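Quick heads-up: structures coming right below.
Each of the next two complexes has chain A plus one other chain: chain B in the first, chain C in the second.
Right, the complex of A and B next:
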C-alpha cells in the first residue's frame, strides 16, 4: 500500500493523483482486518484507516487545489515527492503501535515540512518561516525524544501495549510522569496549542500558501491522530493525572486562540490563529479518551480539513492575483464573484460552527461527548470562545457582501470553481449527514 | 378510500393556494376561478360523501399523516378525524366557502390583485379545515393560528390604506391575547391528562370528578381563547374593525366560519365543560352580556357592514349562552343557521355596496328595492331569519336557545336579557332593512345613475343562501312538532354526559306566540319610524346623551387605548430609550470592547523573536511541572 505511493514519485501530478486514489482504495481494502507490520510496530486498525483516508483524501484535494498554484513553477516534482514523503510520515503517525514508529513518523512529516516551508527561495519570509519552524521543531523533537527515553527507562519497551500494561500495574515512578510531561510537550508543539503555538502564526504566514494549506490539514490531522492514539492506547490508565493538564491547555488555547484571531487583518494569519483555536477544540476529544472521543475527533478533523483546504485554496487565488491577503481585498467580492463568495461564506460558516454545516455538527458532537462525561465547565468555555470565533469568521463575510464598487474581479477558472463547489458540497453533506463519519467506526 | 377522502379535503384548498399563490398578477381569471373555486367545490363534494357515511352510522373516519411530535412521553400525530361535529363544520366551511368563492369572482372582478385574494381565501379554507379536522389540540391550534393569519392578511388586503392595516393588526393582537389563553389551557391539559389527543383526554376526563378546580381553570383558559377568536367581551373590538376587509371575507371569515371556531372548540371539549358548571356559568354570562351589549351598539351604527358586524358579535353571544348552559347541540344549531343567514346578509350588503360604488353608509341609501330586486328579496329573507320570524331558520335556533336557557337552573335572568336582546336584534335589523331598501334614494346623482343589480355570479349564491337561510331550521324542530330533532340525533355521539334541558310544550307555544306578536310590533314600529316618517339617523357628532354614548360604541376603544395601549406604549418607549440604549447595547458593546482590547493586548506577545518563543515554551513546561508535582 505504501509502496504504491512511492512508485509514482517524480511523475506528473495526474499520476500521483491516481496513485493516491489507488492507495485510498487499498486503504479501505484493509477495513476491519487488523494487520500488523514491521514486527508489530504498526497496526492497521479502523481508527488508523479512517485517519489515513482523511490524510490521503486531503492530499488529493490539496493536489487538485495546488495544481493552479504550481502551474508556472518548475519545482513541482520536488514538492510532490516531499509531499508524498510527508504523507508516509502522516500515515505512520496514524497507525503506529510503537513509540519508535511514532517518532519516525513525526520526524518524517516534520522534516518535509521544514523544507517545504522554506521552499519559496526568493521570499525572505518563507526562509524565515522554514528556519523558525526548524529551530523550534528541533527543540520540540528533543523534548519528545527525551520523554520517550524516560518512558523507555521505566518500561523497557517502546511498544504501546506493553506501556499500557505497565501503567495499569500501578505504582509508577516519578520518572514516568516526567517523561509523560515531556511527551505531552512534544505533542502539544506538533498540535500547535498554547503555549506551544508560537511557531504557528509566523510559519503559516511565511510559508507558501499551498504549503500552509498542507500544514493546516494533513499535518494537523496527523498530529492529532497520533496524539489521540498514544494517550488512548498507552496512557489511558493514568488519564486522571494528565487530563487536568489537557483541560487547562485546551481552555487556554480555545480562549486565547480565538481572541488573538480577532485583531488580525491578514487573512492568512487569521487562519493561522483559527487553526490554533481549532486545535484547542480537538484537544477536547483527547480529554474524552474513549470511542465517542475518537468519533468526534474524526468528524472534527474531517470538517476542519475540508473547510481549511477550501479557505486556503481561496487565499492562493487571492494572493496570486491581488498580491495581498488583507481582509479589505474581500470588499465587494459578493458582487464581482457571487458564486465564489457564497462558497467561501459556507466555508467560513462551517469554521465558525454554525448549522447546517459540518463544522457545527463536529462541535455539537464533541460537546455532547464531553458533557456526557461531565466536563460541563470546559464545554461552557468552548461555547463562549466559539462565540468569539463567530465574530471574526463572519467579518470576512460582511466584507464580501459590502458594496464598495471595486473593479477588481478575481479570475476564477471553471475547474477552481468546481473545486470550491466540491468543498462546499462535502461541508454541507457532512452537515446534514454527520453519521456518515460518526458511525463508520 | 374514506381515509384518503379525509386527507384530500384539506389538501385540495392547500394545492389551490400554492398554485394560485405563485401565479402572477396577469394570470388569467378563468384559470384562478377554476383552480380555487374548483378545489373548494371538490372538497365540498367529498365532505358530503363523508357526511352521508356518518349519517348512516359509520364510526368517525381518521387519517394519520405522520408521527409529528414525539418527545418523551408526549406522542402527537398529525392526523385527522372526521366525526359528526367536524362533518357539520366541514359542510359549512366548504359549502358556504364555495358559494363565497363564486360570489368573489364577481365581487372582486376588477381587483388587480385577483390571484392574491383567491390564494388567501383558499389558504383560509385549508387552515379552517385543519382546525376542525385535527384529532388533537395541537392540530387545532395550528389551524387556529392559521385562520388568524389569513384573517390578518385579508383584513389588510388593501394594504395601501393604513387604516385597514391598523384594523388587521388590531385583529391579530386581540386574537393573540386569546391564543395565549388557549395555549395555557393546552399546557394544563397536557399536565393534567398527559396527552393532547382528543380521544385520550376525553376518555380520561369522562371519569374525572365534577368541579375539579384544574378542569375549571382549563375551561376558563380555553374560553379565553374562544373569547378572542369569537369576538366576545372583552376581546370583541377587533371584529367591527375587521370590516375593512373585502365583503366576501367578512361573510366567510368574520361571520360564517372563523368566528365560530371558539364555539367549535367548546363543543369539542364539552366533556370538560360539563364537568365544570362554574366555567359553564361564566361562559353563559359572558355570552348573554355580549349579546345584549353588541346588539345595543348595533342600534346606532350607520355603516351597513358595521351593523352586521355588531350583529355577528351579538349572535355569537347567543351561541355562547347556549354552550354555557350545557346545550351544546343548540349552540351548533345556531352556528349552522347563523352561518347561512349572516353570510347571506353580508353578501347582500356586498351586493348593495357594489351597486352603490363603494358607499357603505345607510343614510345615503334608500329605495334600493326597485333597482336591486334579487338582493332586496334575499336580504329580506335574511332579516326575517335573523329576527326569528317563523318558519325561517333563525326562529328555530334562537327559540331553542331561549328555551334551554330558560330551563337552566337559575337562568331566568339570562333568559330575560336574551329575550330583550332578540327584540333589539329585530329592531336594528329592520331599521337596516327599511333604511336601505325603502323610502327614497338619498345618495348623490352619480350613485343614482349607477345603480344596478349585481351579476349572476353574485346573485346566484345569494339565492342559494337565502333558500338555506329560510329552511335550515327544519333540521332542529322543537318537540311540540313531534318530529325527530335531526341535528341532536346526529351530534349525539360527540356530546358526552351533557345535562338534559327540555322545555315544556306549553312554554314553547307561549314563546312562539309572544315572539310573533313582539316581532310584528317591532316591524310595524320600525316601518313607521324609518319609512312612513322617514326619520334618517343624524350624524354621530349630532347625537346627544345616551345615544351619543351608544353611537360611539360606549367608548370601549378609547377605554382600551387609555388603560392598556397608552401605558404599554409608555413602557416600551422607556425601554427603547433607556434599557435598549444603555443596558442592552451597553452590555453588547462592552463585550466587543473587551474582546478587541484583549485581542490587541495578547497579540503583542507574538513578536517574531525565536528566543522569546522558546522561552515561552519553557515557561509552559515549567508550569506543567509545577502544576503536577508541587501543587498536586
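Right, the complex of A and C next:
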C-alpha cells in the first residue's frame, strides 16, 4: 500500500514531501484496522503504524534538514530515490509477519544504506565507510539468513504466528537454538550493539553527515522495531533463554558506548558512540517484551530520533561552514548565536535524559517498565551509565556557554533556525506530554 | 486558582516577561526586582491567611499523565509555606544585590534566577513524587547555567563536577521513587499520601533509604559527599552562591523531612547512627577547614557546610526538637548565608580581593558596613537574640536527647564557628588599614537595603521565633508521628 505511493518516483523534494505527508495520512487511516497484505506476509497493526509514522516523520524531518546539505549538489535526485526506497524497507521491517518479509525489508534498507554511505565519491573516508558497512553488513545478513533457514528447518514455516505456536508446544531441537542465536547476531548487527558494533563509529564518521543522520534515526528505529516485533511475536515463549543474553549485551553496550564517547573530540564520532549507548537502552525495552515494553521502545525511539536529527542537522551546518567537527569549534557559540546554542543545549539535555525533556521521560518510562518486571540490577547499571552520558553531553554545552576568547560564528538561515525550533518544540512537547505517544497503543 | 498554584506561577510569569523583554537595561533590573517583590507580597498574603492546623491546604490537582498516575498536585502545609516564604524573601534580595554589578547578558541572568525560583517553589509545594523529581532536576538546570556562564575561570570543570555529582544522587532517588510507585496499590500513583500509607519491609526500607539519602546528602551536602561544594561555591557568581547556599540546599533537608522520614521510618532507624556520625564528622571537618582558610568566600562556604551538617543531624534524630530546630535553622541559615556571601561580594568588588590577610581596617572607613557585618556574623555564630541561636539551640537539644556524646561533639561547632568568624572579622575589619581596604568606599543604596533587611530579619527572628515554630508545629508533628508509627 505504501509502496505504491513511492513507486511514482517523485523527483523533487517538494513532491516527495507531499508524498510522505500523504503516506503519513494513509498510514493513520489504517488505525486499528489490522489488515494483512501479501498473503499474510505483512500485517498493519497499531505497533507498526506508530513505528512507520516515526520513520516517515523522520524522513520528512530529514528532508527539511537535508535541503541545506544538498543545496549545491546535483545528486539529490538519486539520493532521494534511494532514501524513499530505504523507507519502504524500513516500513516493511515494522509491519512484517513473515521472516521472508523481514529479510526483504532488511535487505532493502541495507543495500540503500551501502550505496548512500559511499555516495561521497571523492571522499576516501566515505568510500571506506561504504565498503566497511557493506562487508560487515553482508556478513551479518548471511548470519541472519542462515538463522532464518534453521528456524524454517524446525518449524517448516516463515510465519511468525506459526513459529510462536511451535515454540509454545515445547520440546525444541538444538537446531532451533542455533538458528535463534544466528538471528540474534544478525539483529545485533543491524541495531549496532555490542559485540557487533565495530562498524558504527567509522561508518558514521565517514559517511556524508546527512546520511549518518538517516542511519542514526530511521535505520536504527526500523531495526529496533523489527527486533522487538520478532522476539515478542515469535520467541516470547523461550524468553527465559534469550533474555539473559540480551541483559548482558544491553548492559555492556550502554557502558561501553558511553565510556567510549567520553574520550571523543570529534562530535560525529561522539554521536556515533552515543548511538551505540542508546541502542543499549532500547534493548532494555526488548527485554521487557510486553506491551509496556513496546510503549517504552516507541517513546524512546521518538525521543532519540528527534534529538539525533537535530544534533546531526547542527553538525551539517558546522561541517559545511568550518570544515571541522572538533568540539573546540563550539567555543563561545552561545554568545554569537544564542538561539542556536539554546536549541542545541535542549537537544543535548534530552539525549542526556534530564527533565523536562523527551529524553528524560523516555528513560524514566523504560526504567519503570524494567523495574516493574524485577530487573532492578539492570536499571541501576543503566542509571550509572547514563551518568557517564551526562558527562560527555554536557561538554559541548560547556564549550558553547563558557566565555572564551575565540568565538565561533555560524551563519544560520532563518529556515534552519525554524527547523531547530521545531525539533526543540517536539522534544519539549514529548517531555511534557509523553501520553501523546504512550497512550496511543 | 488556588494559592499554591499562584505562588508557583508568579516566578514563571516573571521569567517569561524578563526573557522576552527587549529594552532599557536599567529598567530591566528594576523590573526584575519588582517582579520578585510581587511574588513576595503574594506569599505574605498567603501566609497571613494561612491556617497551620489543617494539614495540606489550598490543594490543587490536575491530571498530567493519568494513565501513569502522575498528577500536578500542589499544596501547602506549615513546613512548605515557610520554605516558600524563604525562597520568595531571598529572591528579591539576591536580585537587588546584583543590580549595580556588571553582568553580561542580563536578560538571561534574571530569567534563569526566576526559573530557579519557580523550580524551588515547585519542589517545596508539590504533593506528587514524580513532579517532585521533575522540579528537583529542573532546579539544577538554571543554577548550572548561572555558574557556568557567569562563574570564574574554571567554571567549566567545576560545574560539570557539581552537575554530575548531584545528578548521580538524583538518579538513585528516581530509582527509589519508581520502586515506591510500583508498590502502590491498584493502577499505581505517585501521590504523597499513598506513599505514606505503604507497607514496606525493613529490608526494602533499608535499600530505599540509601537511594533517597544519596540524593539528599549530596545536595545538602553531608560529609563525605561534599567535595563538589567548596569549589562550586567559590567559583560561582555571588548570586549563584546565594541561591545554592541560601535556598537550594534546603531542598535536601526538606526532601528528608517530607519524603524520607514518613516513608521509610525503619530504614532511618537502621542507619540513623551512621548518618548522625557522618553529619557530625562533617560539621567538625568543615569547621576545622574554615579555620585555616584565607579566601574569605571559601571560609564562608565551609562555614555554611558546617551549619547545614548540624541541620541534617537534627533532622535525622527524628525527635520533635530536632525537627523544630531544623525548620528554624533552615530559615536562619538561608538568611545568614545570603548576608555573608553578599558581604564577601561587597568586599571583593570594592577592594578587589577577598584574601583575608590582604585586608584590614575596613571598619575605619565605613561604620555602617561594620555594624551590619557584626549583626550577620552574630547570627551566624548563634548569639542569643539572633536567629542562629534559636535554631542551633533546638538542634543541639534534639541531638542531646538522642545521644549526649553526639551533642557534645556537635556543640563544638558553636565554639569553632565563633573562632573562625570572629577571627576573620578581626583581620578584615579591624586593625590597621591595609592598602586594598583603603579603596573601600561608602555602600551603595542597594547594598544598604539588602544588608539592612538581612540584619533586621536576623534580629526579628531571634526575638520572636515562636511565630515560626507555631506555624510549622502541626506539620512537624504529623511528620514525627508518621516516622514513629512502626515503633
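Please note the rule applied: the second predicted complex is superposed on the first by the 432 of 441 C-alpha atoms of A that agree within 3 Å, B and C clash if a C-alpha of one lies under 4 Å from a C-alpha of the other, contacts with A are read in each partner's own complex, and residues count from 1 in each chain.
Here, a residue touches a chain if its C-beta (ideal position, glycine included) is under 8 Å from a C-beta of that chain, and two chains touch if they have at least 3 such contacts.
Everything numeric here is computed off the predicted structure, so don't read it as measured data.
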item	value
Fit-or-clash call for chain B and chain C when the two complexes are aligned on chain A	clash
First (chain B), second (chain C), both or neither touched by A:391	both
Touched partner set for A:364, first chain B, second chain C, both or neither	second
Touching partner for A:259 - first (chain B), second (chain C), both, neither	first
Chain B versus chain C as contact partner of A:22, first or second or both or neither	neither
Chain B versus chain C as contact partner of A:354, first or second or both or neither	second
Partner chain in contact with A:139 - chain B first, chain C second, else both or neither	first
Offending stretch of chain C which, after superposing on A, collides with chain B (from 97-105, 187-195, 205-213 or 421-429)	187-195
Shared chain A surface residues [contacts with chain B and with chain C]	391
Residue numbers on chain A that touch chain C, as the complex places them	334-335, 338, 349, 354-356, 360, 364-365, 367-368, 371-372, 376, 379-380, 383, 386-387, 390-391, 394-395, 397-399, 401-403, 433-435, 438-439
Residue numbers on chain A that touch chain B, as the complex places them	132, 135-136, 139-140, 143, 177-178, 181-182, 184-185, 188-189, 195-196, 198-199, 201-202, 241, 244-245, 248, 256, 259-264, 388, 391
Chain A-facing residues of chain C, complex	65-68, 104-105, 108, 133-134, 137-138, 140-141, 145, 148-149, 155-156, 159-160, 163-164, 167-168, 171-172, 174-175, 178-179, 181-182
Touching residues (chain side chain B, partner chain A) in the complex	595-596, 598-600, 602-603, 606, 608, 610, 612-614, 616-617, 619-621, 623-625, 627-629
